[in-house]
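Got a structure here, written out as structure tokens. Questions coming.
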Amino acid sequence: MTDPAIVASGIGKIFNRNSDNAVTALTDIDLSVEPGEFVSLIGPSGCGKSTMLRIFGDLISATTGSVEVFGKPASQARLDRDYGMAFQKAGLFDWRKVSANIELPLELAGWSKDRRAYRSQEMLSLVKLQDFGDNYPWQLSGGMQQRVAIARALSFEPKLLLMDEPFGALDEMTREHMQVELLRIYREAGTTVVFVTHSIPEAAFLSDRVVVLSPRPGRVHSVIDVDLGVRNEDTRESERFFRATTEIREALRSVEANS
Amino acid sequence: MKARFAPFWPPVVVGAIIVLGWEGVVNLFDIKEFLLPKPSSIVRALGDQWTPLREAGWETGKTAVVGLLAGVVMGALLALVISRFAWLRGSVTPLAVALNATPIIALAPIFNAWFGITDFRSNMAVVIVVVFFPVFINTAKGLTEVEPNQIELMRSLAASETTVLRMVRVPNALPFFLTSLRLSAPLSVIAAIVAEYFGGPQNRLGPFITQNASFSRYANAWAAIVVASAIGLALFAMSAVIEKVSMPWKQGDPAAT
Amino acid sequence: MTAVVRSGLALPSPAPILRALRRMAAGAVAMAMVAVAWETYKWMGGRTNDHWPGTSFGLPVRTNDLVMPHVGTIWGALWDPVQRGRSQTLAGFLFQSARFTFNEAAMGFAIGTVIGLFLAVLMLRFSTAERGLMPWINISQTVPLIALAPIIVTWGRGTFLSDTQAVSIIATYLTFFPVAVNALQGLQSPAKADLELMRSYAAPWSQTLWKLRVPSARPYLFPAFKLAATLSVVGAIVGEISAGVRGGLGRAVLNFATIYSTGPEKLYAAVLASAMLGLFVFVLVTGVERIVDRNQNRGESGNTTREA
């Protein structure tokens, strides 16, 4: 068997340690994610879900515990460029054209110019922005920019995609459309996704598993399996979708009641 | 950006009102030439004094331009160094802000003592210091105030600090740097002239103004002011063009100012 | 919400005081470092006969006591009589000169601010005025009016202006520019939605100005005021120098420059005093900004409680 995508054991995170305003953000997190799995992290504000994502991505280090990604320490996985990241703000570079933004990770990985150009064209059609490669980011709408950010995250086929509320700033219709797109891209690329969100329907629609976190300090409250099979726009009106959202909603309510 | 689509006549009309109003007021109230010369007298003086003015303008312009370039390079380089070392940033940046609040032009006599009272370097040093601080402060700001997500993205892609500097911080700082260049370009001419008041070679605009003013030849002094303004404007316009050309991604962006 | 919390505290929390102390300590350390660097450079030059150690490259600045007096000499000179036979110390003399210059600068700052704000509102109200005036406001700063100080003083003498008022005019000329530019930017800063809200209340232009545009301009105004304050000092000092006005720091710098060979430390002290005056007005405006910020927050929190 291949190594699991993520094995996090006993993770804790304390910010401003050794000072008066020390904050325990996470405590005792155990979680493993299988290759090819789509896992969402959901919970009230301040439950440390973004912190958790950043620890998985080796952007910040955990105070206690360890993270292994594909059988190696997270720091090694980062150096091996196993991660693709996308954030709530698209975070495109104003000074690069859309295609150059998508090519950024490829440039860092030392791809040749021709190969990069070919690849960015492929990615542009994947996110349905074929005609926008030569535009600057400001010429695109918020939803289009977010699609470019996702194309950038996927351009080098990272083994693990870490997404921090990437659709948080989009309107509802764009958001639902982007979810369908993301699932299509995810299936075609065959990657593993960890997805932070505030939205119950979004978690239910996208995920194989939803991890519900409780706040202060952040810990895993429960893990909910979701199996909606092949998903399309009709799925949102199905009985199974309703049951999944209800289950997540009730878990979140009990989190609220306990905190 | 707005200016590109705006009609060009309002500034022309305002300019005409200023010049004609000036001429008219001087004529109407019979103001003596030694108090306020008419624009027409200034134009005449410009023609009469063209040979010395051209030489003085050329020399002062050289001091200003070389000082401007040196100050810009030094300010930008120090900003690059500072951006790499957080511990330096904490102490140097506030110090620079404080020093920028001081009347740097008062340093001119000290530079005379350092480099010699008739040496052009005394004047140039004033220009360099005057230009240095705004360029340094602005560039350092642009290099450090980068969107955190962009730094995180680069880190997740295992980019080195040098790569982050080259691919994120420097392009991010470019608009800040170019703004400071545009603001300090006319400043360099003014700094050169005021420095020339305190010393330095005599065939410059500063001494030209003082000498003519002390003989009450005010139209000549004003003509020198016009030359100085023209140099300042030319430097300003050049910086503005550099600003446009070197940032194609800002072309037509309504958010860009 | 943060405003409510902040003003809810009855006593000022120790944090800002600590921060201010730390900043002052950092400033003292920085000054000490400059002094040490100065003395080290001077010592090194003395040892190597003004060359970089181990090379034949000359140092850019000579290190003898005439060009670079000891830090201690400058400090000591502050407490000596300013002139043989006078009881006033150099420090006292410089303080007196600084007050004189401060008055000129303050006058220039006040008038320049009023003119700058007036121009900003004018350009806000009439977009043709903005298009017509803005290029000239920019061009005005390329005119070295500062160099015209002697003319302005003569001009003043022909009318009702005193010499110091003429110097204030030069300070005014430098001051109005940042105020006009930033104030216009600040007054134009409210979001479209906020302007539409005022429109939906049928608020007249003047109310929109006072209740929306002016408060939104505040963060733009104070940086401009800080710049304008320091520029007003520059204008006053340079104006005094070139106009030959007696009594201020500019004149002190000029006088000590002419007797440099008999007492270089006096010129250094005068230049340092000018720097201190620049810093002082900067800190003064920053302090006013803090007070206005605090009062503003208190006002806002008052509104919140009433509405709640």
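In this document, chain identifiers A, B and C correspond to the written order of the chains, with residue numbering beginning at 1 in each.
In this text, a residue touches a chain if its C-beta (ideal position, glycine included) is under 8 Å from a C-beta of that chain, and two chains touch if they have at least 3 such contacts.
No experiment lies behind these values; they were computed from the predicted model shown.
Colleague: Could you tell me the least number of steps, going only between chains that touch, from chain B to chain C?
Modeller: Contact-graph shortest path, chain B to chain C, evaluates to 1.
Colleague: With chain centres defined as mean CA positions, report which chain is farthest from chain C.
Modeller: It is A whose centre lies farthest from that of chain C.
Colleague: I'd like the Å distance between the centres of chain B and chain C, where a centre is the mean of that chain's Cα atoms.
Modeller: Centre separation, chain B to chain C: 18 Å.
Colleague: Could you please state the distance in Å, as a whole number, between where the Cα atoms of chain A are centred and where those of chain C are centred?
Modeller: Once rounded, the distance between the two centres reads 49 Å.
Colleague: Touching chain B in the complex: which residues of chain C?
Modeller: The touching residues are 23, 26-27, 29-30, 60-62, 66-67, 128-129, 131-136, 138-139, 141-148, 150-151, 154-155, 158, 226, 230, 233-234, 237-238, 241-242, 249-250, 253-254, 256-257, 260, 264, 267-268, 270-271, 274-279, 281-282.
Colleague: Using the touch definition from the top, list the residues of chain B that touch chain C in their complex.
Modeller: Going through chain B, the ones touching chain C are 3, 6-7, 10-11, 13-15, 18, 32, 34-36, 91, 94-95, 98-107, 109-110, 112-115, 186, 189-190, 193-194, 197-198, 205-206, 209-210, 213-214, 218, 221-222, 224-225, 228-229, 232-233, 236.
Colleague: Which of the residues in chain A come into contact with chain B in the complex?
Modeller: On the chain A side, the touching residues are 54, 57-59, 78-81, 83-85, 87, 89, 91, 93-97, 104-105, 108, 136, 138, 162.
Colleague: For the complex, give me every residue of chain B touching chain A.
Modeller: 147, 149-150, 152-159, 163, 167-168, 171, 174, 247, 249, 253, 255
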